[in-house]
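See structure below.
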Amino acid sequence: MPDPLFVFIAALTLGACCLLVASRNPVTSAMGMILALVGIAAEFFLLDAYFLGVLQVLVYAGAVMVLFLFIIMLLDVQPPGGAYPWKRALAGGAAFLLLSAAAFALLAPEGSLAKAAGPTPPELAANPESYATAAKAFGRSLYTKYMLPLQMAGLLLLLALVGVVTLAKAPKSAD
Amino acid sequence: MTHALAALDAFKSAAPQAGDWASILPEILVAGLGVFALLQALTLPASGRWLIPAVARVGLLLAGFLAYQAGESEGARFGGLLQQDASTHLWRQLFLLCALLTSLVGGRFFRQRGADEAEFHHILLLVTASLMMLAQSSHVVTFFVALETATVGLYVLCGFLRRSAASLEAGVRYLVAGGLSSALLLMGFVLLHGVAGMHLPKGADPLQFASIAAALLGHGGEPLALVGAALVLAGLGFKLGAFPFHGWVPDVYQGAPTPTTALLATASKSAGVVGLVLVVSGPLAPLAAKLSPVLAVLAGGSLLAGNLAALGSSDTKRALALSGVSHAGFLLAGIAGLVTLRSQEGVFGAADIALPIVLAYLLAYVLGTFATMGALAALPAESDERRPLVALRGLIRRSPSLAAGLTLGIGSLAGIPPSIGFFAKVLILWVLVSAEAWTLLALAVVSVAVSIHYYFSIIREATVRTAPDGEVPPRIPLLDRALPLGLGILTVLLGLGSLIKAALG
Amino acid sequence: MESTTLAHHLLLAALVFCAGLTGVLVRRNLLVTYMCLELMLAATMLALVAFSRFNGTMDGAVLVFFVITVAAAEVAVGLALIVALFRRTGAVGSDRLDSLADR
C-alpha cells in the first residue's frame, strides 16, 4: 500500500483534473487547474524536489494561471447555456477510462517499476548533489553543462515577448 | 581566495569551451541578426527600413557560406549536447535556404498588408537558428528546447496578419496541434529516459541520445520503452503533418499568410524529417525492426490520405497543403526505407545514400513549393486565405512570368521530367526497391499517378483557360515575378544537370 | 513513503496525462483546451521528477526546469493569439471557428 499522504495528494490532484475537464464554467476549470498544479507541486515535495516544487507553484500556479484567469475575466467568457452535453461527457469519460486502463496495464506488472525509494537512499545521502535537492546544484548544472540550452531558452523568451507584442498591438493601416 | 579560484577553475573546465561556440557560429550569426533586426527597427528612420530585410538576407547568405565551409568538421560538441557530422551542415544550409526564400517571398507581402517587417524577420531568423540547432541535437534537452523555440515562432507567424480572422484562427489551430504534439513527444522522451535511467550505470546521462540507445539495446522490449517510442513517433508525426496526425494541416496552411504557409510546408516539415531521422538513427536505433513497419504504415497512409483529399479540393492553397501531406508520405517512405536498409547489412551501402536522397527530395520540394507559393503570394487576392482555383484562370495572359513560375513549380512538385522533382521521386522509389518494400512502392507509384490529376487541374486553369473579359493585368513588382520564375527554371536546370550527370556517370 | 513505489507515481502522472488528453479531445472551449494541454505538460514533469528521484539522476530535473520555461513562453504566445482572435471574432468556442471551412 502506498503512503496515505501520497493517496491523499493523488486523490486531490485527480479530483481537480476532473473538475478542470468536466466543468462548463471556465472559471471553475481554471480553479481545478490551479488545484491540480498545487497537487503536482506537493508531489514534487514528496519526491524531494523542493526547488522544482517551489518553482512550479510560483511559475505555474502563480503566474501562468493568474494569466489564464485574467484572460477569462477579460474576455468575460460565460458558460454556454442549454443542457449539459451528457453525450460528449460520456464519450470523454469512456475515452478516459480506456486510456487509464491502458496505463494500469502498462504499469501494473511487478518489476523494476515497483521499486521503492527509501526516504534518502544511501548514495544520495553521501553525495547530495547527485540529485537536485538544492537550487545550488541547479545553478551549477545550468551554467556549465546546460549553458547552451539556457541561452536558447533566453532567445525563446525574447521571441515570445516580441511575438506577444506583435499580436497584441493595434494594427497599422495598410498602405 | 584560493578556494574561490579553484571553484572558478572547476567552473571554467565544466563550462562550454571556445571551440564549442565556434562550431555553432552560423547559428550564433543568424540569432544575432534576429536580435539586430529589432535594434534596427528601433533606430532606423522610416526611409531606411529597407535595410532590415537586406541585412537579414546578406547575413543568411553569409551563414550559409559558413555552414558550407564547415562541411568536413564532425564530432560531439558541448559535452554531447550536440553532434555534428557531414549531413548536419547540409541540413543547416537547407534551413538557411528556406529562411532566405521566405524572407524574399514575405518581405513585400507583409509590408503591403500593414504588418511589420522587422518583427517578421526577427521571428524568422530566430526560428531558423533554432531549427539549425535542432538538426544537430543529440540530447533531449537541446532537441526539445530547439523544437519548441521554432514552434512558438511559427505560432506567431501563423497569426501574423492579426487583422485577418483566418490568420489568427490558423494560429490558434496550429497552437492546439503543436501543443498536443509537444506534450506527446515530451512524454515519449520522458518514458525513454526513465527506462534508460533504470538500466544505465551511475553517472551516465539518461537524456543523451547515445545512452538511451545503449540502454534500449538490451531492454528495448520493455512495454514502457515501446510506449515511449510510440509517443515520440506520434509527436513527430504531428510536426510532419503525416497520417493519421494530419487533421490540422489543411486548415492551418490555408489560413496562414502565404509566406508562412511556405515556411510551414518547407522548414517545419524539414524539421519533422530531421527530428525523425535523428530519433530513428539515435535513441530508437535498437528498435529498428519494430519501427520500420510502423513508419511504412504512416508513409502509406499519408500518401493515400493526402492525395485523395487533395482531389476534392477547390482551393489552391488547400490543395497544396493536402499534397504536402502526400509529400510527407514520400519522405516517410524514404525514412522507412532507410531504417529497413540499416537493419539489413550490406545492400551496396544503400543505407548510406538513403539519407542524402531524403535531403535531395526535400531540396526539390523546397524549390517547387517556393516557386508555387511565391507566385500565389505575388498575385493580388481579395483575401489571402481564399485562393480558389478559378482565380488562377487565364493567368498566362495576365502575367506570363508568374504563370510560367507556377507551372514549373507545380511540375516539379508533381514529378514531371525533366524537373528535379522527378529525379527526387525516382530516387525515393529506388530506395524502396533496395529495401524491398513492394507495397509501399506500389502505393507511391499510384499516388504519383493520382496527384498528377489535381496538379494538372491547377496548371490547366493557369495556362489553358482564358481569363474573364475586361480584367486589368495587375502590376506586380519585378522581384515578385522573378523569384517564382527563377526558382521554376532552377528546378528544370537542376533536373537536367542530374540527367546529364547520370548519363555520364 | 517506504511503500510508495515508482509505479504509483508514474500511474498518477499517466492518469493526469490521460485526463488532459481527454480534455483536449472533447472540450470545445479554446481556453479550457489550452489548460488541458498545459495539464499534459505538468503530467510529463511529474513523471520526469519521479524517474529522476528513483533513478538518482540530476538531468531529468534539469529538463523540468526547461519545460517550465518553454511552457510559460508558449502560454504567453497562445493566450495572445486567443485574445487577438476573440477581439476579432468574439468567440472562444473552437466549433464556432468556421472562417476556414472548405466551401
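For reference, chains read A, B and C in written order, and residue numbers begin at 1 within each chain.
Here is the rule we use: a contact is a pair of C-beta atoms (placed from the backbone, for glycine too) under 8 Å apart; a residue touches a chain by one contact, two chains touch by 3 or more.
Because the structure is predicted, anything quoted here is derived from the model rather than measured.
Asker: Centre of all protein Cα atoms: which chain's centre is nearest to it?
Answerer: Of all chains shown, the one whose C-alpha centre lies nearest the global C-alpha mean is B.
Asker: Which chain pair racks up the highest number of C-beta contacts?
Answerer: A-C
Asker: Which whole number of Å gives the spacing of the CA centres of chain B and chain C?
Answerer: Chain centres of chain B and chain C, defined by C-alpha means, are spaced 25 Å apart.
Asker: Counting in whole Å, what is the centre-to-centre distance of chain A and chain B, each centre being its mean C-alpha position?
Answerer: Chain A and chain B have C-alpha centres separated by 30 Å.
Asker: List the centre-to-centre spacing of chain A and chain C in whole Å, with centres computed as mean CA coordinates.
Answerer: 7
Asker: List, in ascending order, every residue of chain A touching at least 2 other chains.
Answerer: 106, 113, 123, 146, 149, 153, 156, 159-160, 163, 167
Asker: Could you check chain C for residues that touch two or more other chains and list them?
Answerer: Touching at least two other chains: 10, 20-21, 43, 52, 56-57, 62, 66, 70, 73-74, 77, 81-82, 84.
Asker: List, in ascending order, every residue of chain B touching at least 2 other chains.
Answerer: Within chain B, the residues that touch at least two other chains are 141, 145, 148, 152, 155-156, 159, 162-163, 198, 202.
Asker: Chain C touches which residues of chain B in the complex?
Answerer: Where chain B meets chain C, its residues are 140-141, 144-145, 148, 152, 155-156, 159, 162-163, 165-166, 168-173, 175-176, 179-180, 182-183, 186-187, 190-191, 193-194, 197-198, 202, 205-207, 250-251, 254-255, 313-315, 318, 385.
Asker: Within their complex, state which residues of chain C touch chain B.
Answerer: Result: residues 10, 17, 20-21, 24, 30, 33-34, 37, 40-41, 43-44, 47-48, 51-52, 55-57, 59-60, 62-63, 66-67, 70, 73-74, 77-78, 81-82, 84-85, 88-89, 94, 97, 99-100, 102 of chain C touch chain B.
Asker: In their complex, what parts of chain C are in touch with chain A?
Answerer: 1-12, 14-16, 18-23, 25-27, 29, 31-32, 35-36, 38-39, 42-43, 45-46, 49-50, 52-54, 56-58, 61-62, 64-66, 68-77, 79-84, 86, 92-93
Asker: How about chain A: which of its residues touch chain C in the complex?
Answerer: For this pair, the touching residues of chain A are 1-3, 5-6, 10, 13-14, 17-18, 20-21, 26, 29-30, 33, 36-37, 40, 43-44, 46-49, 52, 55-56, 59-60, 63-64, 67-68, 71-72, 74-75, 77, 80, 88-89, 91-93, 95-96, 99-100, 103-104, 106-108, 113-119, 121, 123-124, 129-132, 137-138, 141-142, 146, 149, 153, 156-157, 159-161, 163-164, 167-168.
Asker: So in the complex, which bits of chain B are touching chain A?
Answerer: 11, 14-16, 20, 24, 31, 34-35, 38, 78-79, 81-82, 111-114, 116, 119, 122-123, 126-127, 129-130, 133, 141-142, 145-146, 148-149, 152-153, 155-156, 159-160, 162-163, 198, 202, 223-224, 227
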